[in-house]
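Structure below; questions to follow.
First chain written, first letter: the chains are A, B, C and D, and each begins at residue 1.
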Amino acid sequence: MTSQPLRITIWNEFVHEREDPVVGKLYPDGIHGAIAASLREKLGEAAEVSTATQDQPEHGLSAEKLAATDVLYWWGHAAHNDVSDEVVDRVQQRVLEGMGLVVLHSAHDSKIFKRLLGTRCSLRWREVGERERLWITAPGHPLVSGLPSEYIELPHAEMYGEYFDIPQPDDVIFISWFEGGEVFRSGCTFTRGAGKIFYFRPGHETYPIYYDPNIQQVLANAAMWARPSGVTYVGECRNPQESLSPIEKRD
Amino acid sequence: MTSQPLRITIWNEFVHEREDPVVGKLYPDGIHGAIAASLREKLGEAAEVSTATQDQPEHGLSAEKLAATDVLYWWGHAAHNDVSDEVVDRVQQRVLEGMGLVVLHSAHDSKIFKRLLGTRCSLRWREVGERERLWITAPGHPLVSGLPSEYIELPHAEMYGEYFDIPQPDDVIFISWFEGGEVFRSGCTFTRGAGKIFYFRPGHETYPIYYDPNIQQVLANAAMWARPSGVTYVGECRNPQESLSPIEKRD
Amino acid sequence: MTSQPLRITIWNEFVHEREDPVVGKLYPDGIHGAIAASLREKLGEAAEVSTATQDQPEHGLSAEKLAATDVLYWWGHAAHNDVSDEVVDRVQQRVLEGMGLVVLHSAHDSKIFKRLLGTRCSLRWREVGERERLWITAPGHPLVSGLPSEYIELPHAEMYGEYFDIPQPDDVIFISWFEGGEVFRSGCTFTRGAGKIFYFRPGHETYPIYYDPNIQQVLANAAMWARPSGVTYVGECRNPQESLSPIEKRD
Amino acid sequence: MTSQPLRITIWNEFVHEREDPVVGKLYPDGIHGAIAASLREKLGEAAEVSTATQDQPEHGLSAEKLAATDVLYWWGHAAHNDVSDEVVDRVQQRVLEGMGLVVLHSAHDSKIFKRLLGTRCSLRWREVGERERLWITAPGHPLVSGLPSEYIELPHAEMYGEYFDIPQPDDVIFISWFEGGEVFRSGCTFTRGAGKIFYFRPGHETYPIYYDPNIQQVLANAAMWARPSGVTYVGECRNPQESLSPIEKRD
């Protein structure tokens, strides 16, 4: 039961860090850099972690790169509409084939997430730095391993509130409470084709959320949970005219 | 608790009936015509049933027509790719707002179904007229009211087999057994936004399936089940800066 | 499509109203009386509403009474353990056969709810009269018809918080926000056999919650949603030695 | 990310093997012995596999034994009603706390399975040795790793058919086709509390099914999938009168 290192790619639009000095100071290597460093530390030799950004050719997500990715993390906010449809097609196809996808925070509004879910993924939001408490609603799930028993708390967060326009998740892992009065399904899993998808709400660019130990624990759990498993995906229509079992002749 | 008549639109690409004499003889008024007649008989004054076809302007699905439709039935096979993306956008939006959608047989491969589900909706198939038995797996569901207790049977059917590449349904209503050796989730419900979706497998154009009393019963049940209910859909992102409950000032 | 009146039975342990003057003053006819009055007003001739209480012979739930009940509402708190196992067996059997069950507030800890769910149904709780806001997370569901679009609010409520130890619901209709910092899945649907179950959190005996118009609307919706439908329940093992389709002789 | 060996206990009622010479010859070390041998070979040092049988004191499932079990396999058929309720209580509690449970074949009718699911778990059945084909309906699931892409086949099997009276599974992994005309949800997952449950249909005592390489692969996958993870189970009601966030004083 030895296994190859998990091939993880952290994708980031990488806009706010270069345009907003507050964000740039908080994430000097980009949000992707902070997440990559955390995953490298937590997963060690079990994973090979690389990054890709929107300004690269093909957004850093060539067919070759995606074929060599087991789990893709996705952070975007300011430039969703500049992601090319061709790359979205390609990522969707790879998810259906079995690549894991971890969708972070404002990427609820990304083309790839809306493509895979079929809904608008709209929500309420408010940015005043209020308190958030993420209650665990699936205590036996691998995604919450290593966390405190009942909840994790963030002192300052952007608020996202219901109704969150998504199809029913496979599992709701966290439900957030916000100081200002809203709730939100902050950790949701989905399966599309052979691919596992995890949406995880925390991660606003103006707060040091990706340095929080509990958040880092969830991100590391996500890699292990979303890794490909199962059987070869049969995504084409198949037309075997020869039946497996005999068919009675009738008129 | 009196209510307005349910406004039902049966949409059909209406190609096979005009190109293939066998189909034309079986469905002289088109598949849409046969389904409309059956629904009118079964639902009586509870429904107003109209039809629309792909060859009409805007495929018969103008914004006005869709706004005046509570439940839309969709049959297509030969001309999926000729359906305009603009009409697909419009139907998707109306489903999210609450319009019911009943997706029939080969429309598993329609643009609108794949758009709403986010997967390829691919499957196995074989056309030799084998026996199909649809086992009821959700005996308390409104969709099976009026049927025999355990299963319904069709003497001749096109085979559709697993793996059917769809997200996990809300409920699996029927699982089909096929003589040649396959199984299929033949009745599946989904919710997207405020809209209810029912995929129902039977209905190949060369068999008299839409004249079968049990199939007609399911189609009538579907109208009642998929009708809009609930609250006004909030599909836009909302940004209420004023919080509902007070937020503690902190630094 | 005319139909018989829906036969509704409201069951209440009826203890607090007779032992605690505050509760007795709030609910002079018992919680069951208040709910029955509200359902009679809202459903009119569509329903026949009766009540039953724990102090009656067989707790008011004889085999005859249950056979003549389409939807049963259940409120209990102080005397869960005094409900006889025989009556619990009988109610469970009727739910599997298709009777609807609406489980209210502290009945999360009733024998019948734990019997049907298989888990402990435990939760966090605090009784200080804090504010509760129930966010709608299933906007197209019949259970929320007639409500405001986004949420309903109760100025004073007992708090119930996650982790709520229940199996994954079919649908989560409401998620509550509590002023003191917790969240809760306050409206949950389940199917067991042919029976539909709705758990609805609000309803503490010391607050006038069952007089709230929105709460009354949900209770009326619940009757219509949970009514029996579908096909005759096949709850026994069946052993048809004769196969439906021919079996090849092999050695 | 090193880990302790997984502690697996295979429980068997161990009746047929000692009473029926055909079964005794097929499974000379009991069904539990055959499964244990297969798991030891497949999982190697990743697991410590032991067995327990119904004739032992406390059915071999003392509190100490269960506390030292990560995943419990359960095979029973002839003696379900002789399993003591005390042991059933204990196993249920351990599942809620996070112990995995793999329920095999005729254990669909065991006390522990019905206790955890809340339904009758009844089904159709026929014992004529017909062909079974298990179609994979969740291609990305860890439970199907290492299998062929589309289906696995058993030349001779007892038939189990729908309607199978279970709550909606978390995932349906396999749907079986039977030669005689029925279908069955043959691989189903459930979560109860922090515990993962896998029901796996194949395994009749008169056929050599537990020697089939594909079946053995699924059984090994089940151990890894059902192992405890997540956080400490909070199964008691909790009553923190002190709120986490401040509550406004109102009258």
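Rule of thumb we're sticking to: contacts are C-beta pairs under 8 Å (C-beta built on N, C-alpha and C of every residue); 3 or more make two chains touch, one makes a residue touch a chain.
Being a predicted model, the structure only gives us computed values, none of them experimental.
Enquirer: Which other chains touch chain C while also touching chain D?
Expert: For chain C paired with chain D, the chains in contact with each are A, B, in label order.
Enquirer: Applying the document's contact definition, name the chain pair with more C-beta pairs in contact, B-C or A-B.
Expert: Looking at B-C and A-B side by side, A-B shows more C-beta contacts.
Enquirer: Need the most distant chain from chain C, centre defined as the mean of C-alpha atoms.
Expert: Ranked by distance of C-alpha centres from chain C, the top chain is A.
Enquirer: Where the CA atoms of chain A average out and where those of chain B average out, how many Å apart are those spots?
Expert: Spacing between the chain centres: roughly 31 Å.
Enquirer: If you average the Cα atoms of chain B and of chain D to get two centres, how far apart are those centres in Å?
Expert: Spacing between the chain centres: roughly 36 Å.
Enquirer: Can you pull out the residues of chain B that are in contact with at least two other chains?
Expert: In chain B, 131, 133, 136, 139, 150, 163, 168, 170-171, 179, 181-182, 191, 193, 234, 244-245, 248 touch at least two other chains.
Enquirer: In their shared complex, at which residues does chain B touch chain D?
Expert: Per the touch definition, chain B meets chain D at residues 133, 135-137, 139, 150, 161-164, 168, 171-172, 175-178, 181-183, 185, 246, 248.
Enquirer: Can you list the chain B residues touching chain C in their complex?
Expert: 1, 43-44, 46, 98, 131, 133, 136, 138-142, 144-145, 147-150, 170-171, 179, 191, 193-196, 228-234, 244-245
Enquirer: Would you mind writing out the residues of chain A in touch with chain B in their complex?
Expert: Per the touch definition, chain A meets chain B at residues 92, 96, 109, 115-120, 122-126, 128-131, 155-156, 159, 163, 165, 167-168, 170, 179-182, 190-193, 234-241, 243-245, 247-248, 250.
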